[in-house]
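Think of it as A, B, C and D in the order they're written, each chain with its own count starting at 1.
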Amino acid sequence: MATTSTHSAHPDYLQHHFSDPQQQQEAAKLGMWIFLLTEVLLFGGLFCAYVIYRSWDPQLFINANKELSVPLGALNTIVLITSSVTMALAIRCVQLNKSKQSAAYLIATLAFAAVFLVVKYFEYSHKIHLGQLPGQFYTYTGIEGNNPHIFFSVYFMMTGLHGLHVLGGMGAIGWVLWKTVKRQLHSEYYTPMENVGLYWHLVDMIWIFLFPLLYLIG
Amino acid sequence: MNNQGTFMMPPAESTLAHEVDALYYFIYYVSLFFFVLIVACSLYFVLRFRRKGKQVERTPDISHNTFLEILWTVVPTVILAIIFVWGFRGYLKLTIVPKDALQIKVTGQRWFWSFDYPEGVNSLNDMVVPVGKPIALLMSSQDVIHSFFVPAFRIKQDVLPNRYTQAWFEAKNVGEYDLLCAEFCGTQHSSMLGKVRVVSTQDYNRWLEEAVGSLGAGMPLKDLGEKLYTSKQCFTCHSLDGTKIQGPSFKGRFGSEAVFTDGSKRTVDENYLRESILNPQAKVVAGYLPVMPTYQSLLKEREVDALVEFIKSLKP
Amino acid sequence: MYDKALPQPNYLSEPKGLKSWLLTTDHKRIGLMYFAAIMGAFILGGIFAMLIRIELISPSKVMMGADAYNQVFTLHGAIMIFLFIIPSIPAALGNLILPLMLGAKDVAFPRLNLCSWYIYVFGALFAVYSMFANAVDTGWTFYTPYSSETGTAVISMALAVFILGFSSIFTGLNFIVTIHKLRAPGLTWYKLPLFVWAIYATGILQVMATPVIGITMVLLVLERVAGIGIFDPAMGGDPVLFQHFFWFYSHPAVYIMILPGMGIISELITAFSRKKIFGYKAIAYSSLAIAFISFLVWGHHMFVSGQSRFAAMIFSFLTFFVAVPSAIKVFNWMATLYKGSISFATPMLYALSFLFLFAIGGLTGVFLGALAVDVHLHDTYFVVAHFHYVMMGGTVVALLGGIHYWWPKVFGRMYSEVWGKVCAALVFIGFNVTFLPQFVMGSQGMPRRYYTYPEQYQAMHLFSTIGSWILGVGFLIMTIYLLHSVFKGRIVGKNPWGALTLEWETTSPPSPHNFEATPEVTHGPYDYDKIVVEPT
Amino acid sequence: MAENQQQHHVTPLWVYLGVGGALLVLTVVTVAVAKVDFGVLVGVSSLNIIVAMIIASIKAILVALFFMHLIYDAKINMAVFITALLFLGVFIGLTMFDTVRRADVYELEEGPIKPKAKIYQNQ
């Protein structure tokens, strides 16, 4: 591959069509940010549905909100924020070539993500047991106001899609953890971990908005 | 003033129709002017500056002309602003219902229109209105979204299943005008046609009494049933001569054996006919789709009996 | 005229083998694969179009029943939009030409590029599956509550749209990063060809609008599967909210279709009148302006749908702003012709017919933007004629122009110029004969999506059907001579048209790595006043 | 394009821990604040939602700037993120123009006719 770039060493991670690693990393990061833009607008559709239905029937949202347990929601928020911190520290360590510490932080992030999903599992099973489900499956009778299932449709759509993204994030972190353990990531080349970190922080940011909107109404 | 309508537009039969036409033709002539300008200029340039001979020569360095660019940005914006204001004012007149309007409840349902008059009269697909009086339409749908569209009056309004929507018109001339459904609503979307019959005020009042009268006694059940067979649109799905349309034919139906979708059987008697009219989805004959709408609120008690009598009278 | 073999090595012949094609990360090969898939979708959609036109010859049944007709017009709409016109110029011509125009070796993320092609094929399979599993009869707009209760395969078509959305997002993302990061040295933003500006604006639209149709389709599928009732009136949902979600994507989508077409027209008009573009910055910035304003106007599809009058006023007001940049572009192209040296090769014929057809399409949009007139014209054949003039008269004609313009660069061989001109004329005449009468039918009050229609429109429908046959013949001949030229066409050199943009500085067909040495950009894309290039 | 030392910016440790702590504190604050009823501001359903949104936005900005390195990175990434939020606002805002203002002219065009459309009653 005759490339006219002056420097001799052609690092293995540099793809042929980029002229230097700096350009490749910036391109990868810009691509990731644009992907995060699509994620924001994907969740945006659900936020819009939430805002519209809440503006039509605020009282129903307040009544239905009493069914959600704020402590569990707050615990989940704290768990996700700490997982964001450990993720950021993992990136910092790999920048300083401390692969072992970085792997440890990644495992911590995975652990916190697992805790988040477990708490979600309890919340969902509690609601399924009570019959507070979206649409036709709604059999709960404790909430007055017509069509109370709308709140749970919005709730399950938002937290369900967010949960799927947490699951996807755990897969991505696992992949980056495997690359770190294999010494493929180091201070010269850590783009995959950085991008997974960006994705993870966005998932955390979406939960930061979900928590007050769903759990702390009125 | 015979009103044949122009090449582009149907006859302008409502008081606001000529305003809509005026704006339509204003935009039409402005567009025509710009279109001819663009095509003529391009044609002239293309012919005038076509490449002669094989040699390739340089072309002048004309990169921009600020005055020209400002001109063709400001002029379209101003014209469009005029069109916007005119369009919005017309829209408000089209959608704000005058106070003294005669209100008719319009219900769109899968594939026919039903009109309920304040006096309790109900007619399907055939709206009779007095001329020269504003008519307000309060509209809702029983199933999917339809759209109430009368080209001659230049009005169109979607008919939603969960909300009332409104439209209004005032007919200028006596006559019969097409009513169409403009929002796709299923198989027979294109045959969900109706008529708006504009009649003089006396005819309207006479029609009203006669319609209210027919609700009461007088007509024998079988004849009333036959009249309802057409006025309640049964003929669109059930034939009298045995052919299969959307629903089974009435010919020789009474007393025959009906096989339903779930395989159960039953002889066709008065109760089955009555139940199929008021609650069609209860027992659906095999080979047919459960698309018949319920006539629960559309038929009075006496009218149901009349229809049952009429169907009984159709020997095989 | 020298008839030597194609320059070796070129990306078509080397590396060899089907596997090298199916697993390629070369943007040119992916572009060609997209091109083949898109033309297949176009033929499929075209067949449905011909079926519709034949059925409408007479009000009564000609060859199919009402249900079949509803399915045919829905599939025509869905296939033409999601499978053909949205990916056509960005994915096919964009993949083939954009990196060459930038002087780059490849797009920023080659593997993502291949992945987006496979996602496109996967989505197309869903669409084709739903064609055979009792099709879809809701119209390409899937309006609820009809789409949430009809028995046809709405779920698989909605999933097809959801999957195709990702293919569109990844293409847009790839191109935005490529344009930002992989420009050749010396190629500043104002030296970029206008096709690149148009693809950049389209990328922004693809990336920002498509996720919303993704979530809309997910909600529609859940509505049918789990009955979540967000759009179902019986359970407190609002069908008009579905229309907001749908049109928030679908209006920017119509600009995803037309912007790349406008980019091609800028290239064609300058190359064939051999003259500097008039108002480079005006055209470049109007592409971006269209990209951003297009997100504000979707409500003009819903003027009579029970929307609040305040919203109708806001959307009508904003709609007139989105019309101005398009008008500016048309005037600038017209001004570029002034004092040029204009040749009438086939691409130029398509560019000129674009000017004619897009002018009609754009101006009839003004009718539909004015509130009072839209109440009468909404959901009639006037709208059908308007969007066919803009989509087919605009994007498809520009696509054909682009195909003919870059055909020698992509295949190294020239198509037959005579047949090219014949087909350009056939397409132009056939198109006008088909769609001009529909304006009149529409304003007379003929609604859309009608299987049977009132008697008075019968003559115009017949006239329109004859037009569609002329169009069909035009496309048939074009397929023949283009395929013939791939194997037997006259071999051409680097720059058969004498254009100045970067893609004409490499061999045709280009080598797998596009340029021997990364090109140094010294002149602007349209400096026909400074440089004269002999066509080779 | 010489192989210069890549100047990847390494954020100091105290920045991460500080931001993490701030986020946790803000979470506690937002939970506490939710219990206090701020009464109704004219036009908006209740002031609580505005306060909750302000706190959530502060937390989101902290995460975006420090954890996602927007503050050190090229400005284009920040522009992409802000465009996303801008057009999310446009989407929700313009849709609200319709849903909130439906009863402008006639009251009856506002709420649903009846909870259940007729077609579902007899199923």
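The rule is simple: contacts are C-beta pairs under 8 Å (C-beta built on N, C-alpha and C of every residue); 3 or more make two chains touch, one makes a residue touch a chain.
Computed from a predicted structure; not experimentally measured.
Undergrad: In contact with chain B and with chain C at once: which chains are those? Just list them.
TA: Where chain B and chain C share a partner, that partner set is D.
Undergrad: Could you pull out the chain whose C-alpha mean position is farthest off from that of chain D?
TA: Here the answer is chain B, farthest from chain D.
Undergrad: Count the C-beta contact pairs for A-D and for C-D, then tell me which is higher.
TA: Counting C-beta pairs in contact, A-D comes out ahead.
Undergrad: Which whole number of Å gives the spacing of the CA centres of chain A and chain D?
TA: Chain centres of chain A and chain D, defined by C-alpha means, are spaced 15 Å apart.
Undergrad: Averaging only over C-alpha atoms, locate the centres of chain C and chain D and give their separation in whole Å.
TA: Result: the chain centres lie 35 Å from each other.
Undergrad: How many angstrom lie between the centres of chain A and chain B, each centre taken as the mean Cα position?
TA: For chain A versus chain B, the centre distance works out to 49 Å.
Undergrad: Would you mind pulling out the distance in Å between where the CA atoms of chain B average out and where those of chain D do?
TA: Once rounded, the distance between the two centres reads 43 Å.
Undergrad: Which residues does chain B have that touch at least 2 chains other than itself?
TA: 95, 143, 161-163, 165
Undergrad: Listing for chain C: what residues touch at least two other chains?
TA: Touching at least two other chains: 180, 208, 212, 233-234, 236-238, 240-241, 306, 309.
Undergrad: Where in chain A do residues touch two or more of the other chains?
TA: 19, 26, 30, 34, 37, 41, 44-45, 48, 52, 146-147
Undergrad: Chain contact topology under the given definition, line, ring, star, complete or other?
TA: Basically it's none of the tidy shapes, so other.
Undergrad: With touch defined as at the start, can you tell me which chain D residues reach chain C in the complex?
TA: Residues 76, 83-84, 87, 90-91, 94-95, 97-102, 104-105, 109, 112, 115-117, 119-120 of chain D touch chain C in their complex.
Undergrad: Could you please specify the touching residues of chain C with respect to chain B in the complex?
TA: 66-67, 70, 137-139, 143, 145-146, 149-150, 233-234, 236-240, 273-282, 303-306, 309, 312-313, 316-317, 320-321, 323-324, 327-328, 330-332, 334-335, 337-344, 352, 355-356, 359-360, 363-364, 366-367, 369-376, 378-380, 439-440, 443-445, 447-454, 498, 528-530, 532-535
Undergrad: Where on chain B is chain D touching in the complex?
TA: Answer in residue numbers: 95-97, 138, 140-143, 161-166, 279, 281-282, 293-294, 296.
Undergrad: Where on chain A does chain C make contact in their complex?
TA: Answer in residue numbers: 1, 4, 15-19, 23, 26-27, 30-31, 34-35, 37-39, 41-46, 48-49, 52-53, 134-137, 146-147, 149-150, 153-154, 156-157.
Undergrad: What does chain C use to touch chain D in their complex?
TA: Residue list for chain C touching chain D: 180, 208, 212, 233-234, 236, 238, 240-241, 244, 248, 295-296, 298-299, 302, 306-311, 314-315.
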